[in-house]
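In this document, chain identifiers A, B, C and D correspond to the written order of the chains, with residue numbering beginning at 1 in each.
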Amino acid sequence: MRSSASSGSKPLRALARAGRNLGQFWRRFSRNKLATASLAVVLVFASVAALADAFFDYGFVTSNQLDNAFLKPLESGTVYEGEAELEHRYLLGADNYGRDILGRIVHGARVSMVIGFVTVAMALVSGGALGALAGYKGKAFDTIIMRATDILLSIPTILLSIAIVAALGNSFFNLLIAISASMVPGYIRIVRASIITVKDQEFVEAARCIGASDSRIVFKHILVNIASPLIVQSTLNVGSSILWASSLSFLGLGILPPKPEWGNMLSEAREFIQYAPHTLFAPGLAIVVTVLAYNLIGDGLRDALDPKLKR
Amino acid sequence: MAAILDIRDLVVHYSSDRETVRAVNGLSLSLERGKVLGLVGETGAGKTTTALSVLDMVQEPQGKIVSGTILFEGRDIRALRPEEMREVRGKEIAMIFQDPMTALNPLITVGEQIAETVRRHEGLPREDSERRAGEMLELVGIPASRSRDYPHQFSGGMKQRVVIAIALACNPKLLLADEPTTALDVTIQAQVLEMMSELIKKFGTSVVMITHDLGIVAENCDHVATMYAGEVVEYGTVDQVFGDPRHPYTIGLFGSLPNLDEESDRLTPIPGLMPDPTDLPAGCFFSPRCPRATERCQAERPSDSEEGGHRVKCHLFGGGKEEGR
Amino acid sequence: MSDPVPGGGPLLEVRDLKKYFDVPKGRLHAVDGLSFSIDAGKTLGMVGESGCGKSTTGRVLLRLHEPSSGSVRFDGVEVTGLPPDRLKELRSRMQMIFQDPYASINPRHTVATIIGEPLRIFRKVKGGAEHEAKVRELMETVGLAGRLYDAYPHELDGGRRQRIGIARALALEPRFIVCDEPVSSLDVSIQAQILNLLQDLQERFGLTYLFITHDLSVVKHISDDIAVMYLGQLIEKAPTRELFRKPLHPYTQALLSAIPVPKAGARKKRIILRSEISSPIDPKPGCRFAPRCEFARPECLESDPPLAEAAPGHFVACRRAADFE
Amino acid sequence: MLKYAARRVLMLVPVLLGVTFIVFSLMYLTPSDPAQIVLGSNATPAAYAQMRADMGLDRPFLAQYLHFLFGYKHPEFGYRGLAFGDLGRSYVTNRIVFELILSSFPNTVILAIGALALALAVGVPVGVISATRPYSTVDMAFTVLALLGASMPVFWFAMVLIYFFANRLGMLPAMANPSNALSLALPIVTLSMNSMAIIMRMTRSSMLEVMRQDYIRTARVKGLGERLVVRKHALRNALIPVITVAGLQFGHLLGGAVLTEKIFSYPGIGSIMVDAIYQKDTPQILGSVCFVAIIFTLVNLFVDIMYGLIDPRIKTAVQSGRKKAPGKELADALKRLFRK
């Protein structure tokens, strides 16, 4: 009876099961139209960012073309590349140095995506590990880690980030550290709280009862059950990380002009609001659309991953 | 005696865009004034939905009374306008829910939770309604001085007493008690049931007692209705149904119960599971689990047959005569 | 004691077991000086109302909670203070079935993963094919259809989930199983199926059960002996028939009288206890039941009444038990 | 209650120690030289070395930290140390740090109160409307608006407001100062946008949760009208988590209005802290950050006490000295969800 009942070999069945789960997840996720559209937006932005050099030369978007300063959107101007003179059409206009705003946004997207994902990954790993330690081991670990978290939380986050960059020096890597440091306490808390909730459930007791080791319980039982809130939180955090990075760049920390970054573009645009408002709107909208998309995806994931709605 | 509650062919569905849950499927039931009717059945039989239908409260979230009539003292509940229905709720028909832990608002004193019902329906000034709240508490065995306490300061049994006090505050004609003691310990359950039955007698309230515990029905009810998959499959007096259970499902229920008085080594459970209410079987809903099902049972839905007020919905009893017992 | 024969002699011996929890209000005496033993192949039913410490007892026996003091000997080996590696080995012989079939199995694992996990941990079988064969055999043993091999728990009803929990407990071929309210969240017809299954398994594998429940009819049906707990203490223990025939402790008497009997006209004289259970936090010395006991005398409040043998095999912790004979 | 408050205030001591330690370490790492800042660039090497010795800068890190906490003697810069309530003088302006804090903090409070009031006045009613008709068009529209609010960079929103209201329409000033009420409009709107979005979302989800509770069904079964059910039975319960969030928001607004204050050139404590960091003015940074941390903790304490006044379950729990109050867990969860 057993051979007839099992359909196909073991790995094949596991694959089929994974496919079934993924299909089910996608059905639930795709019911949320806004989230699906946002996913499309993010994918488009990501491919544009990946292929940024194919659209615009990095040297071009970072070199001054002072003759073309403040060109309005769709206007054209002559640009000099080495010896060559080219006629260039500025789709979104030019900034105060005559650099192509669209090109800078496209290259800025690459920076933002990298910052978003790397900082979240860093915070997830370090905050997750500390939170897991505090939640699962408890006692002294818990007290020390949570007190440290409380201390970090009572320093205004933006000041902490500024102070970190000030202390470590103004560089891309230090910006990553400053941003992820501001997210770490959040991860510590969410992981700790989820683990404490899951730890008290009967199925964890049952696992101990059948002789499962601590590491088996953490990895095979607890982690799979707290993955959903972590995925949702991380998606939302990619959005806030991008927002955060632009704020710091706006304050003149982290990524400085002429390197293109949405926040520092706005910082430069600030002085010319009255004169050239188009330099203000495009980069700002790029941030809003990206962050909004991540927030909407996070919302969609929250619904799609909620096991309560699964039945 | 005239029926205080008469439900005919009630059909209630909960539908989402993906599926329709057929919770109640042509249920008919009546309750005589001053009597206690036990409504028994397992999870998903539609007991609570039936009670909520009587109060016209199934709309949350996607429930809808599809067809049927519900007559309360001869008035058609379904024809009432919403504000008329609100007059009925709490004043003429009251309901008690299963879980006393969550049934009370945690931020409002228990006294106020009783008093607001009285104010709503009898238009008493605040002071009088508060006095009445104190009286109601005394009536359910709680000192009136505790009316200023909040629900979390009471134990489970005490909370359920408060819930009962709220329900009886306006002296309703009909009380729908949905598993009123299931969440309580046995000795506390005994206290609460004792108190409830005294009050019911005192006020002459008619009661629908929803429960899965056949013991509670035997000791507290006059009539019994057994529900299965949204239908009443057997109805009669307690003596009739307990003394001579006829529907195979009722018989199966008795067979599943460990008996306190007799020694038995094995139980005789009903095989299989409750049918999926989104995908009910053709014919008699019980036929897939029924040890005596025939081809006819799988094809044709049985209708009621009656003998001396003992009603059974089963092909075995068609034509008013038993065919094979 | 060191070499108990299956079917005779105690498999489990508990002496003066205590489990205290430090809570902000004081020290909670969850289990307070418990002594009992269970013979191999027998079932000890442990009854009591919520908060009496019966679930904690089960967990302390398996060292899911560390006992505060006392001794637990299983198969001649002292369980308390066993080092982790020995404890793991012990757990292959002592298992537990949990109350809540929804919470006690990991919602993210498939049926096969859940049932197969103990086999993996103990490397009981080698190779994928053998592993799958063993899991399927276990599924068959507990009556789970083979097509559910890859199903997720949320696709199944409570009865089937409970069968998964039972299969998981059986996987390591234990001798002793703590059944912690295994049927109390199930409907009666499903409850009967599971009770029959547990009895069959006991017969087939010679299992010894500690059956924890609040339901007296269930415990009567399945147990050889019954232990009654009240606020962390054992107040009466006797063979099942003896206990039901002649309960000696006033609490047991009240408990037995409180059960509603599913029979027409069976309503019996009920002992209604006054007030509710007192707090298990820093209890005063003396009989824990005295505040609710109508027979209590001043001396009952002086010190804990000892558990004394009132009749052969019938133990009771009540100073006045002799007066009721 | 008093004992509880006292214990919470005492808990401030280790928190402040931690805060000062972290900030002090960061400042220590900063590649800048306070002696240089004080003396200017024209000092002789000898004077410079003397100044370093006087300021204790040649000592090991820990000694410097202890100096900072417990004071050191110097003819000009000597002070008694943070532990005695002395925040010292600014390296840059030589002004007493505490004075500068006191002159700027009230300005920040004005902004924060305005922003929170606006956020509550809009967020709560909108959240309730959304929750009473979930998944309707109205609800969807509000949801997207709220998410939009949470996705906008504060500084950009501020600049857009300035462009339209100050530059184009000329209705409102682009720079804000506390003596001109009209000039506060834009910064308050800017600052409240984020909190408004969060409060709206919180009210909505909390209302939806409460409306599902059994006691709401009980209230309906009593025959109460829907408006009474929402107002008396649902809203009060739903507002408990909203209050926590609002309190946390207030704490953040008091300490973190940095960007808004910078853009509107508003003399609040946020601007002062940023300027101090740019100028490596260690006493000023440490003093203001400690001050903000104290305020933040006190606001949290106040929220917890408020909480007890609304929720009787917590009042008794706190009175009987229970450590983990019901709802505390929830509050923690929210804190971690909504910290910005």
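Going forward, contacts are C-beta pairs under 8 Å (C-beta built on N, C-alpha and C of every residue); 3 or more make two chains touch, one makes a residue touch a chain.
Quantities reported herein were computed from a predicted structural model and do not represent experimental measurements.
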item	value
Path length in the contact graph (chain A to chain B, fewest steps)	2
Chain pair with the higher count of C-beta pairs in contact (A-C, B-C)	B-C
Chain centre separation in whole Å, for chain C relative to chain B (CA means)	32
Chain centre separation in whole Å, for chain D relative to chain B (CA means)	53
Residues of chain B whose C-beta touches two or more other chains	none
List of chain C residues in touch with chain A within their complex	59, 62, 64, 88, 91-92, 95-96, 98-100, 103-110, 117-118, 121-122, 128, 132-133, 136, 146-147, 149-150, 154, 165, 168-169, 171-172
Contact set on chain D toward chain B in their complex	213-215, 217-225, 232-233, 236-237, 310-313, 316
Touching residues on chain A, where the partner in the complex is chain D	34, 147-148, 150-160, 162-164, 166-169, 185-186, 189-190, 193, 239-240, 243, 246-247, 250-251, 263, 266, 269-270, 273-274, 277, 280-281, 284, 287-288, 291-292, 295-296, 299
Partner chain A, residues of chain D touching it in the complex	14-15, 18-19, 22-23, 25-31, 144, 147-148, 150-156, 159-160, 162-163, 167, 252, 255-256, 258-259, 262-263, 270, 273-274, 277-278, 280, 285, 289, 292-293, 296-297, 329, 332-333, 335-337, 339-340
Contact footprint of chain C on chain A as seen in their complex	1-2, 5-6, 10, 13, 17, 201-203, 205-213, 216, 220-221, 224-225, 307, 310-311
